[in-house]
Amino acid sequence: MVGIPLILLAAFFFPGIILRTKSIVSGRKGPGVLQPMIDIRVLMGKGSVYSTTTGWVFRIAPVIGLATMLAAILVVPFAKMHAVIPFQADFVFFSYMLALGKFFMIIGALDTGSSFEGMGANREALYSMLIEPAFLVLMGTFAMLTGFTSFSDVFTAFHLSENPIITVFGLIGFYLLVQIAMIENSRMPIDDPKTHLELTMVHEVMILDYSGFDKALIHITTAIKFAVYGSLICSSLVPSDWHPGYQILLFFSIQAGFAIIIGLAESFHARNKMQKNAKFILTLTAVAMLAFLVVLIVTNKLII
Amino acid sequence: MIAIYFVSALIIAMTLLTVRRLAVARWLMMLFVLIQWLFNGYVLMHTGETDLTYFTYDPAGVLFLGLLTLVSTAAVIQGLPYFNHQTRSTHFRHFYASLTGLIAFITGAYLANEITLVWILVEATTLTASVLIYSERTTHALEATWKYIFICSVGIALAYMGILFLSLSMKGTGMHGLSFAGLAKVAHTLDPVYLKIAFAFVLVGYSTKMELFPMHTVGIDANSVALPPVGALISTGLVNLGFLSIFRVYKALSGSPIFSWMNHVLILAGILSVLVAAGYMLKAKHTKRMLAYSTLENMGLVAIALGTGGIGYYAAFLLVILHTLTKSSLFFQVGQMGRVLGTYKLDDSGFYLKLFPTGAIALLFGMLAILAIPPSGLFVSEFLIMKALVARNSWVVLILTLILLCCVIYAMSTRVLHLLFSHPREGADLHAQCRVGKWETVSQFLFLLVVVGACFYQPPFLQDIINQIIAGLPNY
Amino acid sequence: MFYLLIVLFAGTLVYISTSERFRSYAKLIAVQGVLLFAIALMELKTLDLGNLIFVSAETLIFKSIVVPYFLFRIINTTKVYKVHPKAFPSFYSLLFSMVGLIISIILSDVLKNPSLDAVFLMIALFTLYTGVLLIITHRRIFSHMIGFLVVENAVFFFSLAVGSEMPMLINIGILLDIFVSVLIIGVLMNRIGTQFSDLESNNLTSLKH
């Protein structure tokens, strides 16, 4: 229960930290950390302009995106305290809630009848499809290792322990979660949020036609998605039996650290070639399968 | 004694690598042939003994060694005209040295009694045979040599996996070393799954040598490019080696629960080989390639015979022996034909009967022999195979085989008759490019005579030796 | 530690199936040689010193140094650096490789044997599968050679698993490695490289019918 306000608080600052990091690295001073939130406030006051080709799907898509996001937060735990509604295999619920939101964004983009949005929706759908096995295999491996299937139980029972293989697996899991977060949020090296060249956009092109309140909702959803993944990463790194004060402190530092890492990655990396993107994401699934193999061996399911 | 044989072969090969005059090389080669005959005589007199713990002079080895000696003698004699005094010394040096090595390694592999030693020697034959295939040094030869080495090595690696699976399944029995006799003793206790995997890998691996489906393509390509005497050795010596290796594993594992599975796999491989041979021979345009497909077809029949059992075992061995004699004489004759006509392509050849009548008659008889048309001895063996198939009620296999054999007979006879009697299609006028001596055809006629004789009368020593080899196999 | 090395080996195989550059292949073969050296040392504690030295020399010196040296020389003399432009897309290579990993895990579970560590069987099967996949789906001869080297690694792995009772088996496997690799790589590739300027297996299809 404590987790939800923490996540929302982290989401408040997250996009700003990314923007600030990128500016400082480029040599500028950059906008304030709360600037994206001010932008959202401004957007909420504006009216929306809807194209005549769009229908009800286009109007409802951002709302569903935010609603699914909030529903997904309900199963994310924090430290030893369980999530609001934990249940068996709730990580599948989490993954599919996010997928539902993305699905509506995709068909909302198709609803506009524009070929560019269709192209972006196409690519977005492919990348989500390719990254989904990685996330599920990773979570499944966690579940196999700890014997539980709920987020809350898994992260409570998981501790980077005496066995060096578990440490290695923890590191691989951490790396995978970071990459999955970057891909789900349409960041580098899959997608450049700053490019608005028509043939190179992936996610940006889907939200190109939104304005006003809808755009504000989309920005809010993006920020919360960042924070949720940051919270998952924090849960996988920090042992759950430390003092809650330390937990909260580490939570915010890890979120900030995560934001800074994203900012640095965006400043220094170029985006992959389009044809290589699919291979890149599939490689992540392959790494997840290797991690699965590691855990299979360690939990003695492979040796006689 | 076998140690002396190997050492002398090594000395001769080393010396051959350093000679500069062709006459010296020829004399050394004759010396090696003499040593081969002497060793063969020794082995005949000491059948059943074990030498150096790893070599046994068992009946199968003795039989195939005799065949190898005959064919290699003829090959060396027939190979003499290919190198004249203008050839560079490096060419014939490598050729004769690797020929020596090849014959010695095949001899060793026939007589070895442990699976790993057979495997090593088969690997060594790959290396020496590839040097022989590359002797012409054309682009085609390079291509064939590359394919030969590469695919044979992959096949040999797979066969090695099979051997490892075998040794894995024998891990609990406390035996050291993988001799065939030891394997036969414990076969009925081993885990069937591992034995099946092992046999499958061994069959696929050694099918590169035996020219059986699935890895038959190496032999085809190698035979199209190599000099005909070398082709004769590959088609008979190496093919018999592949057959013997597979047969020995088959016999050792015949007491195990996978026996009927092995038979099914052999029949499947055999049918597919005959199918591929028939299909490709209908499109063959190169004489040596056509002969190579004929080897593929005969080995397919041998595999079917082995898988069928009963009288099929006897038929398989008879077919192998007679195929050796027939195919080698055919290859020698085709070698002469190549020298007379100047080409091996069927489109550019014709009128052979006019150009070199003796050879043409030999070619005609050879074709009749290899197609199992009576009075060829192969007719007897194929008839026995059909009889075994009927006895086992395998009608589908029988009908398929008969149809495919018809295709093969059609393909080969049209091509050979075209070669002998008709105008070449390109309209080029043909003169004999080279004078060939009639005395070279003596060995070919002798072999063919033996094959024809075997149709009517199979000498008791032959029947005895074959019965000794197949004794102990479950006959149903 | 030991299982970590095995998983690293599986990682190199996955990397081979995604990579498209010949230099990466050569480097990965070297890495595999080093990993095999470490695994061989850990596994074969019961061998006598002579065999152990032979095995270590073969893996460390031959597989990690000599063979990659030859491979780099071929790359530099023939100036062919990547897979064929119209080659099998590496996306599907990776997909097949992952399918192979799953199949190897399932097969090694089915083929259980009390005298064999299942991990070895799984890794050997996966390596064999990757090697054969490389040979079948690639067009250039260099990739075929790499596939063959990977198949040899599979055989070596398996002989390590089986061979603690029969050390001669391992030595024989090593002999196969040395002779065939030196012959193919050292001699033939140079000849083919000088005869055909492009190391493409489509050039080697003149022998037909």
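Chains: A, B and C, in written order; residue numbering restarts at 1 for each.
Everything below uses one rule, namely that a contact is a pair of C-beta atoms (placed from the backbone, for glycine too) under 8 Å apart; a residue touches a chain by one contact, two chains touch by 3 or more.
Model, not experiment: these values are computed from the prediction.
Enquirer: Show which chains lie in contact with chain B and also with chain C.
Expert: Intersection of chain B and chain C contact lists gives nothing.
Enquirer: Pick the chain whose C-alpha centre of mass, unweighted, sits closest to the average of all protein C-alpha coordinates shown.
Expert: C
Enquirer: Which chain lies the greatest distance away from chain A when centres are computed from Cα atoms alone?
Expert: B
Enquirer: Calculate how many whole Å lie between the centre of chain B and the centre of chain C, each centre taken as the average of the chain's C-alpha atoms.
Expert: Each chain's C-alpha centroid was found; their separation is 31 Å.
Enquirer: Whole-Å distance, chain A centre to chain C centre, using C-alpha means?
Expert: So the centre of chain A lies 38 Å away from the centre of chain C.
Enquirer: Chain A to chain B: how many Å between their CA centres?
Expert: 66
Enquirer: Using the touch rule from the top, collect the residues of chain C that touch chain A in their complex.
Expert: Contact set of chain C toward chain A: 1, 3-4, 6-7, 10-11, 14, 18, 90-91, 94-95, 97-98, 101-102, 105, 108-109, 112, 114, 117-119, 122.
Enquirer: Within their complex, state which residues of chain C touch chain B.
Expert: Checking each residue of chain C against chain B gives 111, 113, 115-116, 128, 135, 141, 144-145, 148, 151-152, 154-155, 158-159, 161-162, 165-166, 168-169, 172-173, 175-176, 179-180, 183-184, 188, 191-192, 195, 204, 206-207, 209.
Enquirer: So in the complex, the part of chain B that touches chain C is made up of which residues?
Expert: Residues of chain B touching chain C: 116, 119-120, 123, 127, 139-140, 142-147, 149-150, 153-154, 156-157, 160-161, 163-164, 167-168, 171-172, 176-178, 191, 193-194, 197, 221, 224-225, 280, 283-286, 289.
Enquirer: Which residues, counting only chain A, touch chain C once they are in their complex?
Expert: So the residues of chain A touching chain C come out as 164-165, 168, 278-279, 282-283, 285-287, 289-290, 293-294, 296-298, 302-304.
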